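By written order: A, B, C and D. Residues from 1 in each chain.
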Amino acid sequence: MRITVWNENVHESRGDAIVAQNYPRGIHGAIAEGLAGHFDLAEGGADSVRTATLADPEHGLTEEVLDATDVLLWWGHIAHDQVSDEVVERVHRRVLAGMGILVLHSGHYSKIFQKLTGSTASLLWRNEGERELVWTIAPTHPIAAGIPNPLVIARQEMYGEPFDIPVPDELVFVSSFVGGEIFRSGVTYTRGHGRVFYFSPGDQEYPVYHQPEVLRVLANGIRWAAPTLPLEEQVAKHAPHGWFEG
Amino acid sequence: MRITVWNENVHESRGDAIVAQNYPRGIHGAIAEGLAGHFDLAEGGADSVRTATLADPEHGLTEEVLDATDVLLWWGHIAHDQVSDEVVERVHRRVLAGMGILVLHSGHYSKIFQKLTGSTASLLWRNEGERELVWTIAPTHPIAAGIPNPLVIARQEMYGEPFDIPVPDELVFVSSFVGGEIFRSGVTYTRGHGRVFYFSPGDQEYPVYHQPEVLRVLANGIRWAAPTLPLEEQVAKHAPHGWFEG
Amino acid sequence: MRITVWNENVHESRGDAIVAQNYPRGIHGAIAEGLAGHFDLAEGGADSVRTATLADPEHGLTEEVLDATDVLLWWGHIAHDQVSDEVVERVHRRVLAGMGILVLHSGHYSKIFQKLTGSTASLLWRNEGERELVWTIAPTHPIAAGIPNPLVIARQEMYGEPFDIPVPDELVFVSSFVGGEIFRSGVTYTRGHGRVFYFSPGDQEYPVYHQPEVLRVLANGIRWAAPTLPLEEQVAKHAPHGWFEG
Amino acid sequence: MRITVWNENVHESRGDAIVAQNYPRGIHGAIAEGLAGHFDLAEGGADSVRTATLADPEHGLTEEVLDATDVLLWWGHIAHDQVSDEVVERVHRRVLAGMGILVLHSGHYSKIFQKLTGSTASLLWRNEGERELVWTIAPTHPIAAGIPNPLVIARQEMYGEPFDIPVPDELVFVSSFVGGEIFRSGVTYTRGHGRVFYFSPGDQEYPVYHQPEVLRVLANGIRWAAPTLPLEEQVAKHAPHGWFEG
């Protein structure tokens, strides 16, 4: 499994104190480290994880990087419009060709999620550090394997319905908040040969990405989103013209 | 529109004080009266509503009654096992042939709902008269037309996930409760040529079926569940053998 | 019902003989005329239909036209890239706000369908004037009401799987062709508050849009895709911030 | 992986010549042998396969056998009504508790499939040994991994729409036949914690279960349907009462 964790990395770069306390090596760093318990990431191991950020050349998402990525994780918040359309097109093409993608939290407003879904992805929100309960709706789904029901997140930003997304292929999680709001917090889609998983828990102001159950969801999501076939076979199936000379 | 409201009518028959106060003419009576604002139920009107209960001969659901029913509403709670298998089979056959059915609240454990879904329909519950917020998830669905988002029910029994049902064809409503539980409170299915709508708000201990927004949901549900074609045409489409002499 | 039929109108403008024979007043003209049997389009009638084409200023899809359109039909084939991005954005916004859209035949490759679906919408094709059988998969769906099963189209271009689209909300029709190919020929989606219906039969080289059953599908689709609420109410539901002061 | 292949075994027991030629050790025997290339079935291997038939005591499906089964395959045709209701209930309970089930070909009319789906599962059919093309609709689905598109079955009984089943959770395959019929030949459901895969190719009169691609579909289906968690954990998630003392 070749994983790339992309983070806008703007809150961190600005030196925001709360964010620095939660994520001293960045949200991307925390996620990459947290995945170590779920994949074989040691030197010479079967799996690998790399990180990329907005400030990198081509945002760190060159053709070479994407060609060597099975699953991409995407975290962004306040700089969605700084992501170049060219990189968005490139990521989109690669997803259609079979790369999995996990869109995280405020990434719902990213260009790539809007492009994949055809929707605005607008939602209700309120940031008061409320308790979020993440309920499993699809108990047999591999992304829910081993996740407590409910998963309790002590402090979190509220995201609520209406969440302007297409009807998901699969509704895995629905969350509730103390104010009574609910939110489809774990949803899947397919686009072309690529699999898409959106998971909402996770904010720069709370240490959500250090919580073991959350990291397990991400690890499950990565395994679920990985291509079912090597890319070459995916593409071959995608273009079967001439199959039949009747 | 020919509507039949079926109610177990056991709480009412026992003379339970709270139930009698909420529903002096029975839950079936309250629903039938409440629909008057949504259908043309006057003498000679285009629509009609009748009621039937467990204690009636054949539970009031004879072949004649079902043949004259476009949409059946089903409320039951403590006497599911007293419903005869023969009547359940009859209702099931009629649903497959095109009759719509609305299964209400504790009707989730009815024989007919279990037979239609193939599931146990088990759920969490707690009866403390909590506030329920019913959130619209499918804003373009005709069942949600004109329903406030959220619909606030002041006092209600809590029903919570995990709700052991098949993945719905359409998820229309999801509720939250004060304890933090969530519930898929409005879901649709099709079985054969029949449409099925399950709606959870509504309990004998609370006057939920007098609330105008709830009655509007029921009226919307009835219109949605009504056969799209006259029964004869449905059956003709159902058995198209011999369509093609290639 | 306020209907707008948009047609690229390029084959017709070029004076192609077969197209002129099939559609002397254009594909848009044929569809608009064919809908007369299904809507009240007479002077002063309850419904209205207008047409618009690529060559019109702003392709005939100004803000004023879209504001006065409940359902838009879209036919395009060889000039998708000549449709301005600005108009595509405008149509997209309007769909999210509640306008229905029917995308027809080769419109699968239009910018608006790709934007709504996030997919390439690529498919197999072969143009040999084969018989297409359109099978109803969702017999209770209002779009299938009154449609023979199968609907037989004598001569048609073959469109085949793999069809690179998202999993539909509803699969209404699947077609087969003489070569053995199959195709999801009638699929629905929702995006925001808008409903989307893609229907594949219909090509400039065959008189498909004169076939009464095909026109009935279009009429059914228009009724299904129409906003369930007036636009103002849709928008109000779409932005319920501040709903709850708990 | 602990696999149990159940076969009615009535055609074989009657000594039908064609069936004996196709399946000298029974359909169950052919499938069990064919799975050897996909699982570690050697003595002491990680996986195991057993067979059971109608004539066995309790049809070979005792509590002990089911408790030791991760995935059950079900083939039946002319003796559905000889399967005892008690065994059907037992299998149903076990599916809800997490056992996967593959229902094959004419098993669509089995009691267990009707109970799981709530439908009649009626369909069109014609037995003339026609070519069936099995098209992949869900290219990223693990059941489709490595399957040619289309999978060509030289001679097969025709099964056609309308197929009276609930809307599938996932539509994996759609077949076409020479007569122009189409059929949803690979569909999935979940019921409780159990996963259900129906796959239509396979008839006693044709050697379909010897075809390597068909066996790969079955192997893929078995892996997909296997419980995502050990049964004990499934059950624990199924009954989370008392999770929260708010």
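Annotations
Criterion: contacts are C-beta pairs under 8 Å (C-beta built on N, C-alpha and C of every residue); 3 or more make two chains touch, one makes a residue touch a chain.
Here's who's who by UniProt: A, B, C, D = Trehalose utilization protein ThuA.
Computed from a prediction, not measured in an experiment: that's the story for all the values here.
Any chain that touches chain B and also touches chain C is listed here: A, D.
Among the other chains, D has the CA centre that is most remote from the centre of chain C. Averaging C-alpha coordinates per chain places the centre of chain B 33 Å away from that of chain D. In terms of their C-alpha centroids, the spacing between chain C and chain D amounts to 38 Å.
Separating the centre of chain A from that of chain D, both taken as means of CA atoms, is a distance of 34 Å.
Chain contacts: chain D has residues 136, 138-139, 149-150, 162, 167, 180-181, 190, 237-238, 240, 244 touching two or more partner chains. The residues of chain D lying in touch with chain B in their complex are 92, 96, 115-120, 122, 124, 162, 164, 166-167, 169, 179-181, 189-192, 237-238, 240-241, 244, 246. By the touch criterion given at the top, residues 98, 133, 136, 138-142, 144-146, 149-150, 190, 193-195, 227-229, 233-234, 237-238, 240, 243-244 of chain B touch chain C in their complex. By the touch rule above, chain D contacts chain C in their complex via residues 131, 133, 135-139, 149-150, 161-162, 167, 170-171, 174-176, 178, 180-182, 184.
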